[in-house]
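Right, one structure below, let's go through it.
Chain IDs A, B, C, D and E follow the sequence of writing; residue 1 opens each chain.
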Amino acid sequence: MSTLWLWASDACLLIGSFLLLTGALGFLRFPDFYARIHACGVTETLATGFVLLGLLLRSDDAMPQVKLVLILLFVLFSSPTASHALAKAAWNAGVRPRDNSGKRRVSLPHTDP
Amino acid sequence: MLSQLPLLPVLLPLLGAPACALLRRPLAAWVFSCAVSVLALAAAIALLAATWQQGVLSYALGGWAAPWGIEYRIDLLNALVLLLVSAMGAAVLLGARASVWREIPEHKRTLFFVAYLLCLAGLLGIAATGDAFNLFVFLEISSLATYALVATGRDRRALVAAYNYLVMGTIGATFILIGIGFVYMLTGTLNMADLAQRLPAVGQSRTAFAAYAFIVVGVCLKLALFPLHLWLPGAYTRAPSIVTVFLAATATKVALYVLIRFSFTVFQVEYSILALPLETVFVVLGVVAVFAGSLVAVFEPDLKRGLAYSSVAQVGYMVIGVGLGTVAGLQASLIHLFNHAIMKGTLFMALAAVVLRLGGSTYAQMQGVGRSMPITTACLLLGGLSLIGVPGTAGFISKWYLVTAAADREQWLLVLLILAGSLLTAVYIWRLVETAYLAPRQSPASIAPRALEAPAGLLAVLVVLALANIYFGLDTRLPVQTAGGAANGLLAAVLP
Amino acid sequence: MLCLLVATAIALIAVRGLLASIMLTSVYGLLSASFFVTMDAVDVAFTEAAVGAGVSPLLLLLTVAIVGRREAASNARRLVVPLLLVTVTGALLIIGTLDMPSFGSPDAPAQTHVAPRYLQQSGDEIGIPNVVTSVLASYRAYDTLGEVLVIFTAGVAVLLALAPAGQGGSARAEPPAPEHLAPHTILQVVSKLLIPFMLLFAFYVQFHGEYGPGGGFQAGVIFASGIILYGLLYGLPTVCRVIPPPVVEVLAAVGALIYGLTGVLSLLAGKNFLDYSALAADPVTGQHIGIIAIELGVGIAVAAVIITIYYAFAGRLHTRED
Amino acid sequence: MDVFSYFNYWVVVVLMMLGFFIVIARGNLVKKLIGLNIFQTSVFILYISAGKVMGGAAPILADGVELYSNPLPHVLILTAIVVGIATTSVGLALVVRIHAAYGTVEEADILEQDATC
Amino acid sequence: MLSFTIIVILLVMLVALARAFTGPNVFDRVLAANLFGTKTVLLIAAISYLLGSPDYLDIAVIYALINYISVIGVLRVTEIRRERRQAGAE
């Protein structure tokens, strides 16, 4: 494995870690559910991609690479789908976005604590 | 085939269960399970004979020698418990048909027999294995099957009883698992014989102490020793009659076997009895169990529930025997184990007949039952007398040996307490006599006038069981000699 | 990692409401599985991931869907006795740990007595690289037979408890009122893409167990999970049409029997029960055949039982409202 | 090192007791089973910790690796996990039945109903 | 770099746990559990490289599968409950 690959891998991991951290920050601090799902959904897919890519660049066997690609594909498929389903379910259950002051902007048909 | 003998009593019901699940017709399932359990009984009898002739039999499962593979190790004690469990399992099953058809809805009957076979296989597996972890696995098979069987009771309280039993039983099993884990960390082996060799070197460590404590507490939960008995009355009362017969005759007995096996074979007597105050603990708990159980039984309005509490009391007697820590005490304990299985089998079997005909087992419902169901009531009474320990019955033999063992250790107070316990038993059995024969029949019209006697299949088994009470009260060779041999075998290594 | 576990457990005590508890249970399963990975217990991590984070939260969810997710406030009076009990037990455990061989030491008895033989000789005696599989499927094969029967018992027990009347003991649910499935197009499409992949992966795990982590049990769980996913999205009646409940129930028994009969076969060949070396002229080949056969039995039994349990619960979910 | 060597076990003990506490202190039947789950899983962690060898590799034979972790606890725990899920599923089935029969899954409510009838 | 990534992932897991605990509603918890799951996938993958044994990647695959299934499971179950409640109300 050449140093160049290792550097590239490190860079990918670094970017991935950064994205993970920002995502977590958003997940922790954003005011309502939809903002939070946005924070994780977007960063998660990208960060996962970068971290897995970083790992991919580190390996030199075929089998782990194949598995990593599989995981990557799977995450690329399932993660947005799950986010979509979640947001939709939340909307159907009557969770509504809030404005900046944290108040509910849309009146609720019925609440689901 | 002879070399495979140690395996057969367990293997037959173990593989019979999934095969039985393939049968769709309940009747076929019943016939099949009867055949399987009778074959298992035959194997167990042959095994006991072989153990008498050849001493300890060892069987390496998978062909791997002992500490690496799992071993079945059959000595007299194992063979005795195997015989007892398979005999009761077969007997109960043979007499089960009418009662099961009455109490279990049709679509559940096949599964009921599958669960019964699994439970039987689990109990036999516990009694046969020489591997600590394998014991845990079979314990779980039998426990899970038991929870399911208890939950098939018609009353909704059966569900709650089964749930409570499940939670307590699982805590017990997990405690045993923790104990086995500790022992494994200390010695690196799971085979009981190997453990017995390697434990003395580390026997004084605190880890070994904790391991033993956890195993004892876990087993006592299964055994329903006094403060840990809370699951038993509910489970016995609410379970279908047949399940109660089977559990009362086998489950606690196997738990007692496990207690004895771990105390005397694995952890060795000097560690379990002499070095620790466990002797006192067992004896005291046993005595408390005898009195608490009997007292509740005296005031209980439902005979089935009363007998369940009486089981708590009888477990107390057995544990006293263990706590004495002598060959005689252990022998008494094992004899009582054997005899109590027979008497409780008789009593609950008779109650199954009563419930079948009268729909319940409260004293109020049973008024005048002696006239409408004479044979059943006679058997019930015989079991009761045996429970008290009247001379000529099996119960007398076990009480006699227990009292002698206590007298040997010169524990006169204990002797007195044991006798007083019998007196309490006499009180609730007298109550039964009063209800069955002396009380006027409550309302003759409400009970069907004729043909109240239990169906022939059930009655035949019941009579055989009741006669067994008398037979083993007169001809005591089988239980006494086997128990004596087993007790000697357990203690020979450690007592001078 | 361990501290995270403790945090989760404490959160579990503090949190009220069953759904939240289940989420935390799932997290707990994932965490303990990650911990198993760092402890080199790859196979265990595999199983714990599939069971602790997958199947058992799913079953809990189904139950909660039936019984509701409210949880009453616990009574303060009732806390004293449990606290006491827990403290005593915990103290006993701590005492127990004091004389233990220290963590990770290669000289501990557990590492020096029985285990070395597995590591040193299983390569020659069994001939497969994954020692966990050799021990599981050959040295301690009888335990594994017990394990299969435990799960079979669980299937029987669940059916015995939940089987609706009048259907010959099987968990068949009558088709419920048409479900409102329309809004799930995206999920259905994506899942349809993923499910075949999952089932394929289950087969990979089944047959790769000799070389890497995996084996019959894990494969069975994954396979069943795939079916459950299908059932969740397309409704119980659909999945029951694809895989009828009576067939699954028969398969559960057949799986257990395959295992048992493999043992009986070696018994008939004159060796001890489950001694696979009787199955072929060359003992090592015999071991191979035996292990493949029993792993197949395990896989079938486990998958069938888990699907059966799912059917039983889901059937309740749909039929209770009458 | 000496403190650390037991730290692992102690954490496991704490976990076990947390699970055990949930089992006996909570009145909700489902929550009890969750506690039981935690309790059992913690015991699994105890076993697995016991099998760890510092510097060892996963017990999958490979060339050039000398030190492996102990495979035996892994096998035992695989079995125990199965036992755990089996118990959980049976328990849950009972809970479902109890809910159908009593309309509640709180221990206190059930006791009350049984006392009155 | 690998260990740095692992530490970051553990940190994120902690955040997710905090969110799972505080809620406030079911969906936040589901989201947290989902996040937790995907982070576990990455964690296992990273650990497998740190320890140099690519066998562990199988476990990561399982996690990805299970995680997806459990999210769908939670959603369907909450939905079924709601449908039934509505059906009961009508």
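Throughout what follows, a residue touches a chain if its C-beta (ideal position, glycine included) is under 8 Å from a C-beta of that chain, and two chains touch if they have at least 3 such contacts.
Given the structure is predicted, the values throughout are model-derived calculations rather than measurements.
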Graph distance between chain B and chain E, where chains that touch are linked
2
Where the contacts of chain B and chain C overlap, which chains show up?
D
Find out how few touching-chain steps suffice to connect chain A with chain D.
2
Looking at A-C and A-E, which pair shares more C-beta contacts?
A-E
Report the chain whose CA-based centre is farthest from the CA-based centre of chain A.
B
Report the inter-chain centroid distance for chain C and chain E in whole angstrom, where each centroid is the mean of the CA atoms.
19
Dist(centroid_CA(chain B), centroid_CA(chain D)) in Å evaluates to 28
Need the CA-centroid distance for the pair chain C / chain D, whole Å please.
13
Listed in rising order, chain E residues that touch 2 or more other chains are 16, 26, 30, 32, 53, 55-56, 58, 61, 65, 67-68, 72, 78
Multi-chain contacts only, two chains or more: what residues does chain A have there?
74, 78, 81, 85, 92
If I count partner chains per residue in chain B, which residues reach a count of at least 2?
133, 137, 140, 144, 147-148, 151, 178, 184-185, 190
Residue set of chain E touching chain C in the complex reads 10, 13-14, 16-17, 20-21, 23, 26, 29-30, 32-33, 36-37, 40, 43-44, 47-48, 53, 55-56, 58-59, 61-63, 65-70, 72-74, 76-78, 80-81, 83-84, 87-88
Where on chain A is chain E touching in the complex?
9-10, 13-14, 16-17, 20-21, 23-25, 27-28, 33, 36-37, 40, 44, 48, 51-52, 54-55, 58-59, 61, 63-64, 67-68, 70-71, 74-75, 78-79, 81-82, 85-86, 89-90, 92-93, 95, 112-113
Going by the contact rule at the top, pick out the chain C residues touching chain E in the complex.
1, 4, 7-8, 11, 14-15, 19-20, 23-24, 26-27, 30-31, 33-34, 37-38, 42, 45-46, 49-50, 53-54, 57-58, 61-62, 64-65, 177, 179-180, 187, 191, 194, 198, 201, 205, 208, 212-214, 218, 222, 225, 228-229, 232-233, 317, 321
Residue numbers on chain D that touch chain C, as the complex places them
1-2, 4-22, 24-28, 30-31, 33-35, 37-38, 41, 44-45, 48-62, 67-79, 81-90, 92-97, 99-100, 105-106, 108-109
Taking the touch rule as given, give the residues of chain C at its contact with chain A in the complex, in rising order.
183-184, 186-187, 190-191, 193-194, 197
